[in-house]
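Next up: some structures, all given as structure tokens.
Okay, so chain A shows up in both of these, paired with chain B first and chain C after.
Up next, the complex of A and B:
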């Protein structure tokens, strides 16, 4: 069918565009790390910045070769062997850094999304149902207030109250390594902080979309013809409020997977954000580039997914490549 | 029909002394109504006469904050079916057509064992679609509403009412803005519904359709019933002066503007082919007009069904449709294809008035300022002179100063359309394109606007008119008519000739369908 092949060619075009975007990100990240003053050799030389010693380290790490040659080598390795290269500072494969860091990040993201979706949609629909009344006002003002608090402030506040004063939960995940699932109590505070702002934006989006949908003639028609209230809300009105929410959800998942640096740092969780932060501090270019490729691919894939969902939910609007 | 007299048949719905007040103003005042099974009851009146409020009362729906008194009684508990003016509005854009139909059917098969429910519901849905004259139901159920034609959308909405088993169906302006052929399809459909013993309540200001369908007529004005009775009595012998005025507004078949020997050619179209983009690289030809001329002081009607390319042709003239070949010459000089490449004088020379006047105005600024802006932008006169001229023109078109100074939201559809005309006239155009500017309006307002147009062409010798319409009554006012069918210019000539003796088969069929609803009066 013409429509299906239209969607297929749209997906193909977007994947091609996505590949170009990833290449651009890698080039940009490489150029920016090159442009930073100092390099891995300087970082390794540490407290004794003896120029001769730095030169020696540079030669040993092949950092004295022209930048484009190093980039070409790295790209060739990635494309031919799927090899992200090795870290400049530790000599460990970059792939290992990524797989190690991905576990905790994925765990946090999964837990957050699992709570975010029902909370966001449920509260949004609830607020829309009671538009202008007390329930709506409470939900709307609380979400606005919470949204206004930056993560680091909320994180510190939660640690102070629940870990330090009440002593209910551990303040950080220090000492648990990557085995976070074995210590669920350490996950409560970070997930709460991660959840706080996305849940607010999602609730507000769903509420706005639902208010429009509930006032529409097609919902009036469904009610008029005796369709039960719950079904009207979730099967007839909600699909029309979903398209913007799906886009927002994709952005949130993207944000969660691509290293939530503040939260990981605050709660000392060894996820991708922490890996990225360390690599940038040590000018560990291969690690930074490897992460750039992973983050770029995730972003492209998630946004494409959201666009396909939006196309399904708002078929009239069509899709812009 | 077999009913001998109304008293022997029990009404399926009855309204007694209904009064609906909003903000202290009665929009429906003391209306009583009996709806009989198998009959078409038509509520007739100008916009704002309270037809829709009365019709929605049968559905148990009232405007918000309304104070309601009186009785609305239905013979059965079945929901009343509703077919709105725009059927697309009640179809969920994010769901397939099957969504609401299946939900309705599912509530009817609760008594069956769980396993049989799905099949039984599906069968009911398909039967209802067939009853609504949609035999290819299976394929249709999988589509989204935007993938259906307007007629199919209306039939799907009708199928919802059929599935529900409604004994009463309310149809709100079902033919407004439709061309003659589509209209006759809708008339057939509603007649078929009534033939099944269902009571149809028709709310309409389209007297052709009312004449063709109605068994009972209720004439409303300003919220009150001024006359009611069987159609065969009301049409030939209206008792109330308002009914007579309504009927005369409809029947008048005005002579086209009779000014002899129009001037030289203003606009010359040669070998025009317009395309639409259908994909990244592919295009389809939507219009071919090898030759069409417009003389100074002349009015030309472009007639055809929806989708025949009338509007595309007009958009090419106005520089709004770039994908075209061929030449459009204004006074012998080719007009650039795109608005952006045209000079101010060229822009001023061709002005366009759109169907939806409300959408063509900025809701936040007074109408007179928006009207004056044309003269400032396109003729470069100063703001004060422009405002003065705007007020004069608006006044000439029937909008006094205090109304002109209001914002668009506080003017009616007819008033806004006059303001839109004034705005175009302030450019001192050579060619004025009117794209279905009367099709959303009721009979009396429409006549007013058309009279204004006729007077304009008579007064301003330099002005030529292009009237785009699917309404042959409107086309009859033009000097010449060009007929479009599926993107081809099939016939053109003097209006009298085309209307009296059409030569192309399509034109003949257009005339016949337009004449047919009116011919049903004798029933």
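Up next, the complex of A and C:
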């Protein structure tokens, strides 16, 4: 692999990879429709194979034109007019679906990330300071156990305890529509479930990084000079524990996305995940296409940002690009 | 510290044993399906009540573990079947272009969120259990291939490989006999974390209705379909959910403790102390940085 000379060429390579990744998502969706055995319109009609509907699907997706023409049209429409096409089932523009679902999903994601960073770093540093003692053991064991649990299983168990047994929180967000901020109690469980996996991995990573850094020669040297413990810990050791954590933060985007889809289904929140699942169930290809591109682009952009931050923090680490 | 690790190992083994035993011998114990009763009732000869279409929940629980466990195992094995040759070949080939051709497309796939990829395919096809296993395997191939390549590249730079080459040994003996064998520990470590991830993905996909029949006897499907009756008959949801939690948590605890033990046994004897500190530093951070 060629040595990455500087930040600029690193960003350039990374941008190129990101663009390729988005193109891959677009191509994949189109390739899947092409790979359908037999007549795509018949296959997409699925459970309601009446001729009128099949004809409507064929006309709406312009299936009698060659695939590359449709792809070119779609990309041109998206880039020139921001037009994602129209839904097969409702006839509404796909853009509307996306703007409708964006609010709740953004709220969930923002809240989760806002809590994730302080919780992850706080607990990680706490565990590292008490390495081997009871605090560390409890934090390490709990994070290791919760790390692997699928959101839906954790989610229904939390609902059973907090909504069914104790009656403290509402079981779902049914009836609140998109006005979730007005009902903060309905947000507690979804955010908690969304946090569970990313927090665990971040805590473990920060703990490992801190323990390594605190055991390193330069920290020992700083201590010999008589630098205060707090300063050694936060000004010298913590920044070095940050680089792997920043990269992990990018990986958790993938988890957050999976989590958002599950959590929105579980707690009946009308966000992008719910829209996506509905469209998948109805085989509404244009809506799925639009959402896949939005999700794909978001992931790529956030990954890019995190990689650049990690590269700045630790240029030696050799982030893949 | 050693006691704590041993305790973690035992705890993991116990926690994972319950769902695993249920999954393996459950179907044999279940017996014939009884007549259907009313939905979401408690008692009345049903140990855990009835589910959303009036079937006995206990019987569904006995049947529901096998698909989750088998699909996850199959997906993990399939992922390695592809990733091993691709990664090994990528690491050992002398031609840069072949390496780029093999590995770059995988880099592109790596950033597409895994559940999104599965849902995309599910829009157009209706994958069955086999399809789901294939899909989850495909999602895992890029990362596994990268890991195999990284491990193999490091080993391929050793003098021993150079000696094998100069001796005129066949590609097979060098690649499989030496490089493949030398990275078994790395692979074992990765297989543990990968299995945990695959279990998560298989269960979540089934919960979202991908790769399963809507009334399938599958723990994840049971959680999804019986959710509507949570307030009337919680057992139909709680029992399968707890079993999934036990399965995933137990697997993770077990592998983590086993790997710690293996690493401890191997590390100090082979490397001098100064280097042991250096490699230890890297391995700790890398061990935590899993996908």
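Observations on the structure shown:
The rule is short, and it goes like this: the second predicted complex is superposed on the first by the 268 of 321 C-alpha atoms of A that agree within 3 Å, B and C clash if a C-alpha of one lies under 4 Å from a C-alpha of the other, contacts with A are read in each partner's own complex, and residues count from 1 in each chain.
Just so it is clear, contacts are C-beta pairs under 8 Å (C-beta built on N, C-alpha and C of every residue); 3 or more make two chains touch, one makes a residue touch a chain.
Treat the numbers as computed from the prediction; the structure is a model and nothing was measured.
Looking at the shared chain after the overlay, A:26 reaches neither chain B nor chain C.
Residue contacts after overlaying the shared chain place A:222 against chain B, while chain C stays out of touching range. Annotation for chain A, partner touching more residues between chain B and chain C: C.
Shared-chain residue A:231: touches chain B; no touch with chain C.
In the superposition on chain A, A:239 makes contact with chain B only, not with chain C. Contacts of A:88 after superposition on the shared chain: neither chain B nor chain C is touched. In the superposed model, A:128 makes contact with neither chain B nor chain C.
Residues 216 of chain A lie at the contact with chain B in one complex and at the contact with chain C in the other. Those residues of chain A that touch chain C in the complex are listed here as 17-18, 20-21, 24-25, 28-29, 32-33, 35-36, 43-44, 132, 137, 141, 144-154, 156-157, 159-160, 164, 171, 201, 204-205, 208-209, 211-212, 215-216, 244, 247-248, 251, 253-254, 257-258, 261-262, 265-266, 276-277, 279-281, 283, 285, 288, 292, 295-296, 299-300, 303, 320.
Those residues of chain B that touch chain A in the shared complex are 59, 61, 79, 82, 84, 89-95, 99-100, 103-104, 107, 144, 146-147, 157, 160, 164. Within the complex formed with chain B, the chain A residues making contact are 216-222, 224-228, 231, 235-236, 239-240, 242-243, 313-316.
Those residues of chain C that touch chain A in the shared complex are 1, 4, 8, 107-109, 111-117, 119-125, 146, 196, 199-200, 203-204, 207-209, 220, 223-224, 227, 230-231, 234, 237-238, 241-242, 244-245, 248-249, 251-253, 256, 277, 281, 284-285, 287-291.
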